[in-house]
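Labels for the chains are A, B, C, D and E, by order of writing; each one numbers its residues from 1.
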Amino acid sequence: MPLDTSTYGLALLRVDGRRWNELRRIHAQIRTQAAADGSSYLEMGHTKVMCVVTGPSEPGPRRGAAGGAAGGGGGAGGQSKDAEVVVNIVIAGFSSVDRKRRGRGDKRTLEMQSTLANTLAATLHTHLFPHSQINISLHVLSQDGSLLAALINAATLACVDAGIPMTDYVTACTAGSTSTYAANDEGADPLLDLNHQEEQELPGLTVATLGDSDRVVALVCESRVQISRLEGMLAVGVDGCKQVREILDQVIKAQGQKMILEGTVDKGTGLNDMDLD
Amino acid sequence: MPREAEPSLNEKQFVLQALQDSIRLDGRELEQYRPLELTFGDQYGVADVTLGKTRVLAKASAELTVPYADRPLDGIFNIATELSPMTSPAFEVNRPTETEVLISRLLEKTVRRSGALDTESLCLVAGQKCWSIRVDVHVLSHDGNLIDAACFAVVAALRHFRKPDTSMEGGVLTVYTPAEREPVPLSWLHSPFCVTWSFFGEDGDIAVLDATWMEEQVSSGSCTISLNKHGEICQIAKLGGVPVEAVSLLQCTNVALIKAKDMSSKLDRWLTEDAKRRDKGGLLAELSAENDRVPDI
Amino acid sequence: MTTERPLVLPGDTIPPHLIPSSTTKPLRLGPGLRHLPPSDIIPVVAGQLITNHQKNSMWVEYNNNRYLPTPGDLIIAQIHRSGPDFYYCSLSPYTPHATLPHLSFESATKKTRPQLQPGSIVYARVVLANKHMDPEVECVSQSTGKSDGLGELKGGMVFDVSLQFARRLLMAKSREEGKVEVLEALGAEGLAFEIAVGRNGRVWVGGEDPKAVVVVGRALKETDEGRLGVEEQRKLVRRLVKGMK
Amino acid sequence: MPITILPPKQTPQPSLPPHDIDSDSDSSSSNGGADLSLSPPSRKSHNNNNNNPLFTNLVTPGTLITPDPQWMRGHGTYIPPSHPHTIFSSLAGITTRTNKLISVTPLRSRYTPEVGDLVVGRIIEVQAKRWKVDINSTTLASLPLSAINLPGGILRKRTETDELQIRTFFSEGDLLVAEVQSLFQDGAAVLHTRSLKYGKLRNGLFVAVSGQSGGSGVVRSRRQVWTMEGRNGGGKMDVILGVNGYVWISKHVETIAKELEQKHMGITNMEENVSAGVYSSQNDGIDGGTMREMARLRGVVVALVENGCRVDEDMILRGYEEACEMALMMGEGGVEDVYLGGERGEELVRGLRGR
Amino acid sequence: MTVTAAPEAALGVLPRADGSAKYSYAGYTVTASVNGPIEAQRRDEHPYEAHVDVIVRPAAGVGATRERHLESILQSSLTQIILVKNFPRSLIQIVLQVEDTPENDYVNTKLVQASLDFAIMPALFQTAVLALLSAGVPMRATATATAVALVSQDGSKTSVVDPSPRDVEIAQSVHVLAFTSQDELLLAESEGDFTVKEWDEVYETAKQVCCRPVPTKEGMEMVLDDEHTSGPDLRHFLRSTMEQKVASDLHWK
């Protein structure tokens, strides 16, 4: 495949006109499904996913090894004290151009499920819900790169909506590099938030961080890249995660503000109010 | 399926406490591997790797087949990982567990997707005939760090493997049996190795290489980095788990490179020794010439 | 005791002179033997046949790796969960859980019984074991009502050793009969530690200093796996203790 | 046949949260600023909002609430091991304080049982001496056999016969109203029905309302159970608002009172004479008018929830009045029109808010 | 094809299994693990005896019907010699991993769809018995197995003990027989065309291989090996392997 992205060197603009450190448009909504405990819909550019959270609730009958597992690492049984995070991802056949159907046993999907379950388990306070299960269903409606990142962001939003206590948001985004693995050129630029085409042609990684810290919960790199490129890519990715966190936080805050204005929740009492007492 | 036994609270607590003082139960340093051993089978393409009490057997095999319709110029290359009850009675036949899926994906990404094997060279007649190379990974004994051991076994088996020689004359493809012509090695491009870090504690600030099964059960997260000796990352997988500072991850990668280079030179040495052992009397000069042609791996 | 310890395989015929023939005492068959009426005695495992003419008993000395509960055995059990009246605990991996009644502790009543968390470990004695029932263990002596050292083991570390080695460690004269001196040697080096040996192949080692606990554990495991003799054990201990400092 | 052309109805503007508008302006105003790629206008508008005194107590996960060690942390907060004494929020919600205790009430969450809550539940599993009840909580609640009224008197001892007949009291799928008696260590609830107020439910319909606490849904209030007159010819209706978000609307039946009248018995003996009829699973006849009004009431509850209103006695009574009026004024079928979904629901809520 | 002159075996090769053995003979190498008695799955549970579970895994490719067939043969014959009644409601799990099979240099084998040769049976059986002994699973008797192929050459049929893949390919029939240490026939499986008379011959040949009297110290009735030239003395091999193992286990005695 010819490197379309080679034009980058001329104008410093990427195929979709972005600069190296720009995110695509992120659009997010929460509470999209009335019947669910928590739900969200998220677009990162043309990657569109929706998420439904059920739980924490009584675990249903065991469903073999199909789901992901958290904490103890699957099937720990009686001794496990924390809630189990079970993730199920459905990738719609129409979500990508090649209309490839993925079966239930598709290893890539299973791996993403497990990654998601273990990523969320790192932030969710599962110890508060012993012997229960948190079910997270994700549906991929459209794919244009950064799929794993979009899934993580959508799941985080839905978990916040479901009111499951967590340490902080886990947000994710991708980063790439304009260098190919063969060329060890020092002048290569890191890129933020890869779309499908860039993902195909350039080395890249997905990174998920906790809150606005530099602490990495998940780091997935599936392409060959010089070790010297890693630092730049990671730095750009971590920075992107912080931007994403800010955007997601605004989505949640907007919902809260709307509820306060409509009077469905009290405005509460904070520390400052106390000083008045 | 019988349950997998979980370590007791005492054990979990002790392992963590000892690691905080940089003590490991077997007396190793935090960044020290257990002794890595490799034995080749009588046949080509069988590698038996032991890493402490972990033992993995990989067997490479080849078969003539038809290329996939969407990739007529490529041969077929598959890695099959199935954990049998021999690994642990908790594994059931024909029911893949999460561990199995993750290992097989990691091997796939490390060896296959990184282009270690030149799949184009496996194609004999475009769209009609190609080699299908298959590596079967058998975990005989599981005492932690299956991934690093399995990856080493797969790479060793593939580099040791010889496929039957073929020739094309006037559009007629001839495949020679081992009795007719000495089999030839695969066209191998680079050797990636997996290095797995395990993280401990609430903050993930203790990082340990080559964790044992007990350590793996206590750990709060892990990160597998695959590299070749040229300093190319083939894959990184930190699939959730405890958050780790980005800077520490970069450090882990640098240490991983040293370990990968170490493994690379070990494998080179074992391959040379095995070649010598097979080449008693130097009757396979032809083969050694072939070996020279293999690019510096 | 005779000095002859012939190798027997399952199904072998035992030479008649090795079967004790005392008419006063009943013949006692130990592990590894099977009596086929009317008068055949057949080994069922591979091992050394040992005949004790004085006690009119015989058994096969062999090594197996799967613990089979036997009444009276001291074992280290891990609590899996608590039921209404029992704790369910595991004696070895992948085997059915043994029961430990909530009241089988020293001066335990409904109110004062110890509350054990899943995953904690106890030193216990097997009271009931037969092939048709799940085993039962206790942490109190039924005759004296005292714990006699049984009960929850707090802190420390558990090391897995072979069943044979656990048996040797538990022998009354472990040094003479079992040829283990590793513990004495460790003590002589000035290491402070507590130890509880379970017949199910688990050894609990407690102590203030995790380094010392690790050294004890390594000494035990290496003695066991390396099949070390007494002299080698002493050397090993010296080497490990030196490396500790 | 004359054809009338109706003017197109204005499509209702969904009450979008402000971020939608922001993201639109975001895309149009993005000037490719390298470092400020994160939509400066949106930030600004939110900052304005954040300064609104109404919103000062709105927190999201990871928000630092206070670094001051004098406060105690309550629900919805945590103290990370790396920063002792510093309280962070673990939820999106509103901070509340009770003396020195800081807690965060979530905007929405699953029901967390508390002792004394009135809940509506469904039997999921029958065990030897207890039932497992779904009360929309994180784990199933349990209802011990000893915590129900048995036919033949409250003081009767539970016999083995009762254990064997456990399914004659409640079996799988039965609905019941109960009170949370106590909580297990892991937060699972233990229920009891030892009062005539509680017990098996019949003659009505069930509505599950998602979400609990602060947000839309059932709130803990003074009265969770009341009887109301049905309008438009419907009979009396009972409404039970389970704190857990399960709502039961049924025809009002005065069986017990009548029985007592007939037998001339004092109220003190009442509980001792619980007849087996209490555990009957057979519905009494319900007339069409009452059924219709029950359906309307159900529509009101659902509409309130869908449009983010709290559900309590006051709101339901007002909503029901409003719905009856709306049916008369707008419905094509007059009082027979009980549909309150979609636009109707929004209109209903607008009417309520307008007042 | 070079056939290993004598069988080789190592016991306890897998540190985490209850019992294990690696056995190589006639070009076949098999590793076996035995775990048991352990908790049986509900569907395998038998109220009065242990369930013996045998799993055969080919070196390359996935197991298919052929392996299932071998598993069922092994399962039923091993159940006969294990004292299954000692462990009701439990499971004894035997996993046999094939590592090496002799290659037929004249054919490029299709390996991806594995289909194990019938002639591998003796190796599988022998490995399983060794692993069971190493695990200390109580058994009624030990057993030895061998394969015999009937090859017709120049109109006359000759029996080949431990046939090579080449022999199996041209053989008219292949037979696998196992005998317990009490000389009882434990297992007889045949494939191909043969007459009852031929089978009788096969039976005699196999019995000679499997049931050679054990040389005892007292008795000098050592049978001269020269009389039966075909095949190694499997019984003696089994005994000496176990002798080493027991001596090493009981080194402290």
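The definition used in the following text is that a residue touches a chain if its C-beta (ideal position, glycine included) is under 8 Å from a C-beta of that chain, and two chains touch if they have at least 3 such contacts.
Quick caveat: nothing in here was measured; it's all calculated off a predicted structure.
> Measuring between Cα centroids, which chain is at the maximum distance from chain D?
When every chain centre is compared against chain D, the largest gap points to E.
> For the interfaces B-C and A-D, which has the higher count of C-beta pairs in contact?
Result: the pair with more contacts is A-D.
> Starting from the mean Cα coordinates of chain D and chain E, work out the distance between those two points in Å.
The separation of the two C-alpha centroids amounts to 68 Å.
> Using Cα averages as centroids, what's the distance between chain A and chain B in whole Å?
Centres of chain A and chain B (C-alpha means) sit 30 Å apart.
> State, to the nearest whole Å, the distance from the C-alpha centre of chain A to the C-alpha centre of chain E.
54
> Indicate the whole-number Å distance between the mean C-alpha point of chain B and the mean C-alpha point of chain E.
Between these chains, centre-to-centre, one finds 31 Å.
> Name the residues of chain C that each touch 2 or more other chains.
93-95, 119
> Multi-chain contacts in chain A: which residues touch at least two other chains?
Residues 79.
> Check each residue of chain E and list the ones that touch at least two other chains.
17, 35, 38-39, in rising order.
> Mind listing the chain C positions that touch chain E in their complex?
5, 7, 9-12, 15, 32, 34, 42, 44-48, 61-66, 68, 93-96, 131-132, 164, 168, 178-180, 227, 229
> Please output the residues of chain A touching chain D within their complex, sorted ascending.
17-23, 25-29, 31, 34-38, 55-58, 83, 125, 128-132, 160-169, 211-212, 243, 246-247, 249-262, 264-274
> Of all residues in chain C, which touch chain B in the complex?
78, 90, 93-95, 117, 119-121, 153-158, 204, 210-211, 213-214, 217-218, 240, 243
> Which residues of chain B touch chain E in the complex?
Residues 1-3, 41-43, 46, 48, 53, 55, 57, 59-65, 80, 82, 84-86, 88-89, 93, 132, 134, 136, 138, 140-143, 164, 175, 177-179.
> Would you tell me which residues of chain A are touching chain B in their complex?
By the definition above, chain A touches chain B via 64-65, 68-69, 72-77, 79, 105, 107-108, 110-111, 114-122, 181, 205, 209-210, 213-228, 230-231, 234-235, 238.
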